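Each of the next two complexes has subunit A plus one more chain, namely subunit B in the first and subunit C in the second.
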Partner chain A sequence: MDKTQSLYEALSKVEGFIYPNEISLNWDMLIVMYPYITGLVAGAFILASLNRVFNIKALRPTYEISLLAALSFMLVATMPLIIHLGQPFRFYEMLVTPHFTSAMALFGFVYLWYLMVVLLLEIWFDYRYDMVIWSQQKKGLMKYVYKALTLWISDTSPESRKTDEKIGYFITVVGIPSAFLLHGYVGFIFGAIKANPWWSTVMMPVIFLFSAMVSGIALIMFIYMLVSYLRKQKIDMNALDTIGKYLFYILILDFTLESLDQIHRIYVADESFDILKILVHGKLFVTFFIIQIGIGTLIPLATLAYLQFKKPSDRVRKIIYATISIFVLVGIFYMRYNVVIGGQLFSKSFYGFTSYKANVLYDTDALLSLVLFIVPFFILAFLLWLLPPWKKIEH
Partner chain B sequence: MPVQVKRLLLVFAFFIAISVALIYFLTPKSFGEYGHYRGKALEEISSTEIKYVQMDDCAMCHDSIAELKNSGLHATLQCEVCHGPGFNHIEDYENNRMEIPNEGQFCMRCHIMNAASPKKVIKQIDAVEHAEGEDCITCHNPHQPWL
Partner chain C sequence: MALENKNLSRQEFLKKLGLFAGGVVFVSTINPLKMVFATEKPKNGKWYGIAIDIEKCIGCGSCARSCKIENDVSQEPFYFRNWVEQYTITNEHEIKVSSPNGGIDGFEQPVPDEDIYKTFFVPKMCNHCSDSPCTQVCPVGASFDSPEGIVLVDQTYCIGCGYCVQACPYGCRYIDPLKGVADKCTLCSHRLEKGLDPACMMICPTHARIYGDLNNKNSEVSLFLKEHNCAVLKPHLNTHSKLFYNDLNQEVH
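This part shows the complex of A and B:
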């Protein structure tokens, strides 16, 4: 009777006709966090490179914060995947027995490249000179910590600083395609699942990339304001306005691309269109139309557009930027939710739906996802303590 | 070459050496023997306990029942769908009897009225209205259910 009971319980989650293996979702909230977190990393890094490679001087106050924020989120980026694995302690097998024709199996290498060759190296070259100075100033344990971090090199000659500068620049140049690779790759995986009409589009990598930039820039906007507030320092309004300007530009691009994708879907209206229409008007109505498009895109777009023409007082602008950055972060989170969860809610028969309910108090996946979003802020606090950008010696 | 680049290259060489060592020690011995998987896995899977057999094995003894079943609507069903795993029964039929489900609940697993299942393939009935508390086998022979 137990089996019959569990069958009836499962059927209560289902509408219409659905195949048995579609009743419960294989990819839960943790898999929503994975593209969200990698997106934040890629976006934060691209904002840093705007300053370094494209020489946008107004963004200088956020350069180190962007890099350190990217690193903090990068360090937890693999966690949702590893937690979600049925056999988490076997994750290393993916690295020791590489499978070069499987996109999913290559994530370890994409990740390692980005972490080791791009992020860590760029931060190291950026801070090397300062760490040498700090290792000379500090006493006790910290002296040796900084010494170890400099790899026991104490060269502070102008030539060595020039070398740091040159190599750092080169790494940022390599880093831009790498950041595109990291996040384009995540979109590629969803786009490559040809059996799922909600995911299978070549636009997916590009859409993921631009939404990553949007979320990363919003994150840095928020973190920069938060850090300045906590340190009781004056916010550089020019930097904030410039971040707002780029957020506006990239949000336009992102919205255009996503609209293009949807318009194409609506115009082509292939056999999956009916079920997707019911999906977005039903189960995804709130998360798609209200949160993703309304709160996450249209309100920020309209507000940022207004700020391009009118400049209210600094205080008002700060409140607007803080609100908008949170709106955008929430909007992009729900964009990932709509993709990952939305794509699993309808049956491949196109005749029915299953349901998904996340509950932070009772579901481990939702709770862990929340934890995984909070942990990077603590890592960032530690990194800002260890490598304070405001104590750097200006060149 | 600048000193910091040299030092970094050393660090990278160290990491690469560790990675190579890890690959050497952690790759399972039989990996790649036949393909991109552990060769030993085949042996492990084939050594697991066998539970099920095929219809043909049942028909070796129960030939008349098999013939009866195969001539009708339940022809595509394996005997073990209703009677449970049969490997032990074949090994020692006296001590391992097969299940013979008699209660109507069992038939209802497939034949209960369900809007989501295709009516043309599986006959569906309203259990209360149709049987009025009687067991299905009072009227139907499961091996020839259309009678």
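This part shows the complex of A and C:
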């Protein structure tokens, strides 16, 4: 559908009064994907660091998968932002001439720091020794690919492996605050907009951070099961239960924080309260109450709580974990949707609403968002082929 | 043994981290980070402000119409640098607001006369805030305050991220559908440079809108503000708006 045509349709659906420039939603599905994807990255990384820094041994089987999944999503994280720009080819201006009073200006740097200094380095040090071995074992082109990946460093002495281990540990330590920074920062981009009462809360970075952890952990739970299934390998139930345990804890924290935010909003009931109440009970009813809170939070919470006390058979638990991870992933996606889209549905005049309907068939942005969510899985498949964690030599 | 080693390296790490943080704090006290484009209100020179007399506005929409023509704004009813809103408060204290096509085609009053408690028009445009949230959030500095206090966009530089559109509490910005960059009222700065009045000011048949130098206490706008009890929109947001309304009802957002 033509953009102008869709705006005329939106115009006919305006409820109450909105400022005339507010008919078109400035930030659409692509900007929903942006915090969703960065959240998955931050969450997956934090799960990896639970194993590495906090020494939770049960999570060992998911360590490399977490890192590679984080990298796969990280590689596309900026795509929705750049595609969404009115002038995509000017995106580099943000890196060359950042305007330091802008909460958005530093994203490029935070992103690059996280990608280059944290993720790539950690993966490199983790795989360096194995890549040297693989470059010696493989023949033909792959030999040289691995050689290039080792940056032509072929030291396999025990000292070098110790150094790898030390530096890798150090990077993970730096990586935890970096992952917090990455996603807390994304939350701040929204939280810092005082014009928008749905966004403008000091809780926003914290809520984004915890929901990021929830979604990242659910993602790894899902990917670990999927990868094991495709490889026809037995799933380490201890690892899965441990992931489930952490998902449960962090989901409690996340839900508590979000509830606190909403309770505060309801109790304080400032001038924006009336319009926001109509918003969540009307246009956001399904996505907020049913999907985000019901399917994405309460059902997983209740099920995970049950699993803390009762242990059904492995088969049943696998089905439960697979279902729950998908529920949580959908729930967090709609949490981002409710923030980004919900925040633009009501007018800043507080007198009315505009409308939004994503349709992957007509709307290229919605279609691209879907593509951007699928692409990382292919990147991950490639990375798992290139750097198979199951062929690593145990250190 | 392994445990000991680990503790040592952690200690070492914390020490280094402390040193680094200390270094950063030390350097930043010597040479604090300077903000880009932090325009201060000049003591001398012009500092533009606008005043709108709500009592005088008849809702003819000439301001909105002339603005679109003068500034080549899209004629579609979704993009406005300047528009007029009609507020109607009924006897039941129901607030009805409308701005069909920004008021360009005129207004209809759907509420029967006997049910109207009061009704009035509110012309809207960029507030040219002294502490404008839109320039604050621009990630590349393409939105900026001119030395005369006019909020402008360098459209050859804007990346079209739309953050400023989100940040403006008054709905005064939009992304130009053809150029892919932010667009807004410039107070017709191209006309001001030539000594001409902005299009909306010039066309207003009842002289409901005036503008001028707030630094000059004898300018028309300064005298108007002195003689009338004026207010700004959404004062709690602390944007230091320079668009003042005389006779502003608290229902107006």
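Everything that follows uses one rule, which is that the second predicted complex is superposed on the first by the 385 of 395 C-alpha atoms of A that agree within 3 Å, B and C clash if a C-alpha of one lies under 4 Å from a C-alpha of the other, contacts with A are read in each partner's own complex, and residues count from 1 in each chain.
Rule of thumb we're sticking to: a contact is a pair of C-beta atoms (placed from the backbone, for glycine too) under 8 Å apart; a residue touches a chain by one contact, two chains touch by 3 or more.
None of the values given here were measured: they were computed from a predicted structure.
Trainee: Answer with first, second, both or neither: which of subunit B and subunit C does A:193 touch in the superposed model?
Mentor: The second partner, subunit C, only.
Trainee: Figure out whether A:375 sits in contact with subunit B (first) or subunit C (second), or with both, or with neither.
Mentor: neither
Trainee: With both complexes superposed on chain A, which partner does A:99 reach: first (subunit B), second (subunit C), both or neither?
Mentor: After superposition on chain A, A:99 lies in contact with both partners, subunit B and subunit C.
Trainee: For A:4, is the partner it touches subunit B (first), subunit C (second), both, or none of the two (neither)?
Mentor: Touch partners of A:4: subunit B and subunit C.
Trainee: For A:163, decide between first (touching subunit B), second (touching subunit C), both and neither.
Mentor: Touch status of A:163: first partner only.
Trainee: Using the superposition on chain A described above, determine whether A:320 touches subunit B (first), subunit C (second), both, or neither.
Mentor: So A:320 meets neither subunit B nor subunit C here.
Trainee: Once the shared chain is lined up, is A:367 touching subunit B (first), subunit C (second), both, or neither of them?
Mentor: neither
Trainee: Figure out whether A:128 sits in contact with subunit B (first) or subunit C (second), or with both, or with neither.
Mentor: The first partner, subunit B, only.
Trainee: Of subunit B and subunit C, which one touches more of subunit A's residues?
Mentor: C
Trainee: Go through the superposed model and pick first if A:17 touches only subunit B, second if only subunit C, both, or neither.
Mentor: A:17 sits against subunit B and subunit C alike.
Trainee: From the superposed pair, tell me which subunit A residues show up as contacts to subunit B and also as contacts to subunit C.
Mentor: Looking at subunit A, the two contact sets intersect at 4, 11, 16-18, 93, 97, 99, 352.
Trainee: Under the definition above, what is the set of subunit A residues touching subunit C in their complex?
Mentor: Residue list for subunit A touching subunit C: 3-4, 7, 11, 16-24, 26-27, 81, 84-87, 90-91, 93-94, 97-105, 107, 166, 169-170, 173, 189, 192-196, 344, 347-352.
Trainee: Within the complex, which stretch of subunit C touches subunit A?
Mentor: Subunit C residues touching subunit A: 9-10, 13, 33, 35-38, 76-80, 83, 85, 95-99, 101-102, 124, 133, 135-142, 157-163, 165-177, 179-182, 237, 253.
Trainee: Which bits of subunit B are touching subunit A when the two form their complex?
Mentor: 2-5, 7-8, 11, 15, 22-23, 26-28, 31, 36, 105, 109, 116
Trainee: Which stretch or stretches of subunit A touch subunit B in the complex?
Mentor: These residues of subunit A touch subunit B: 4, 11, 14, 16-18, 92-93, 95-97, 99, 116, 121, 124-125, 128, 151-153, 155, 159-160, 163-164, 167, 352.
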